[in-house]
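Shared between the two complexes below is subunit A, which has subunit B as its partner in the first and subunit C in the second.
== the complex of A and B ==
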């Protein structure tokens, strides 16, 4: 076990391709499973990280950058799980607002991934850098 | 990480798409293609059965929204069967439970379709 001041860190690098997003989710299940999260909370983390990878893959496909990598860094410190998803796929991530409409014609089907990430973790921020985007998510266990 | 997609007729105007596995950025195109196939073959009432779906992400939501839009343009419907509370929660937290008719049991979706369309 790590001490309270030294985080336990897991790093994973994946091809920025659709078929590898499931590998990221499996890894995150393993990381979150080390903490005292409920089953639903572990699922939330899995979905949030899956969404971060999905947005990277979608942007990579549009920018013709599927030969790049996604880096996932999971860090456990006490009851705090921080997961950073770093891509080289350029372009910022736009979050959709939670739909206020019940009319499907008015519904924007883009940006739901960022909306989900915001809703599923306790802290969420997106940072752009020269080559891509870093999504940083924090979830606290009880 | 696979998705199995099967289809079957519900009646002469409606079909069921049975999904099994994970619907994500890799597999969602299979679902999209199946909805397009139904539109092309003149089936405008579709029920997507999520009973055996273990994982569903925003890509899947986008495909379902796109499918609903296309079917509505033809006065059709796209309803969901989703007994799994974890999968249902994704629709609830995104507010999409107000857009889709979501049923717990397959038979309820079929019965409601009959009432809605007078089939």
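== the complex of A and C ==
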């Protein structure tokens, strides 16, 4: 089937500002809602994407880069949902993909946020490129 | 990890947690565990907070998350050198997600959306009349006391969960007049509740002494008068009255607990 070999892609560009994180979450609802995910699985993906955007916005605020964009690229291929959150807000200070280095008592929210994302989706990785960070998440339906 | 040096108050707390874990691993002293649980409440709260907009009270989430925390404390090996928050987060999140999974049968989440959907539709109608134009999402959100995101979600998704009228006719084979859905809706069974009460009562009866029990039995299960009971037990009617009063008060106290 054609739909099995060509992914359906939804792309969204948002300002890297806190008030737009909700738009990302809504978009993910629209995308994941088209697949055979359970309600809670959809919520898990939304939470993970929300976290990815929130950490991007936090970095943007710190680096004074809130005039940049966040791109959300969702693609559906069969039962596989891939969501990429790409920002231009610099890099995670302490490599967000290594939450092992977080401090217990002061709750390194960035590190825990990354760990949370990892728990909520089936595949998760963080990549840095020149301007920012790409968080890539995969969740399989059924 | 033990050699990590930091300045200020957090160093003290940090080392304190570490030495507590070491002592707990050794002694399994519940008091130490309690202190560790309290110490990491903010971790549970932080994680529970992330799951807040799924229609479950945050306190419930903190509670199930704390169960995860306790399990993590029990299994944590401080010798391994892993940070406790890193170690505990999957366990805590696991408990919270399990809570949602277990709750799924109650259809709680769709119902929340459904209610919000109904409320939003109604608010939209009222606002259009009042304003003389279609209201904005912000205005509707404000009217139903929800965030814009929730409102949009409810409007968008709420329609998917179709409400069925109680008057919907359900036709069954071989039945002349179709029955409405309402006639199939169950109600709470009073006799079940009575059964439970009987159970409680018989337990409470066991707490009475032999004579009190006989009086209660003869008076209320055999429908005998106080005089008849008095004759049967060979005591005065006044005495029966007094003992009965005492026994009833006792039963009431026991059952009200």
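What we mean here is this: the second predicted complex is superposed on the first by the 122 of 142 C-alpha atoms of A that agree within 3 Å, B and C clash if a C-alpha of one lies under 4 Å from a C-alpha of the other, contacts with A are read in each partner's own complex, and residues count from 1 in each chain.
Just so it is clear, a contact is a pair of C-beta atoms (placed from the backbone, for glycine too) under 8 Å apart; a residue touches a chain by one contact, two chains touch by 3 or more.
Here the structure is a predicted model, which is why all the values come from computation and not from measurement.
> Give one of first, second, both or neither to describe whether A:115 is in contact with subunit B, with subunit C, with both, or with none.
The answer is both, since A:115 touches subunit B and subunit C.
> Now for A:18: first (subunit B), second (subunit C), both, or neither, which partner does it touch?
In the superposition, A:18 contacts subunit B only.
> Please work out whether A:47 is in contact with subunit B alone, subunit C alone, both, or neither, and reply first, second, both or neither.
both
> Would you check which partner chain A:33 touches, where first means subunit B only, second means subunit C only, and both and neither mean what they say?
Touch status of A:33: second partner only.
> Can you list the residues of subunit A that touch subunit B in one structure and subunit C in the other?
On subunit A, the overlap between the subunit B and subunit C contacts is residues 22-23, 25, 40, 43, 47, 51, 99-100, 102, 104-105, 107, 109, 112, 115-116, 119-120.
> Name, in rising order, each residue of subunit A that touches subunit C in their complex.
So the residues of subunit A touching subunit C come out as 22-23, 25-26, 29-30, 33, 38-40, 43-44, 47, 51, 99-109, 111-112, 115-116, 119-120.
> Subunit A touches which residues of subunit B in the complex?
1, 22, 24-26, 55, 57-59, 61-62, 65-66, 68-69, 72, 86, 89-90, 93-96, 98-99
> Over in the complex, which subunit A residues touch subunit B? Could you list them?
18-19, 21-23, 25, 40, 43, 46-47, 50-51, 53-54, 57-58, 98-100, 102, 104-105, 107, 109-110, 112-113, 115-116, 119-120
> Per the contact definition, I'd like the list of subunit C residues that touch subunit A in the complex.
Within the complex, subunit C contacts subunit A at residues 10, 13-14, 17, 39-40, 42-43, 46-47, 50-51, 54, 82-86, 89-90, 93-94, 97, 100-101, 104, 109-110, 147-149, 152-153, 156-157.
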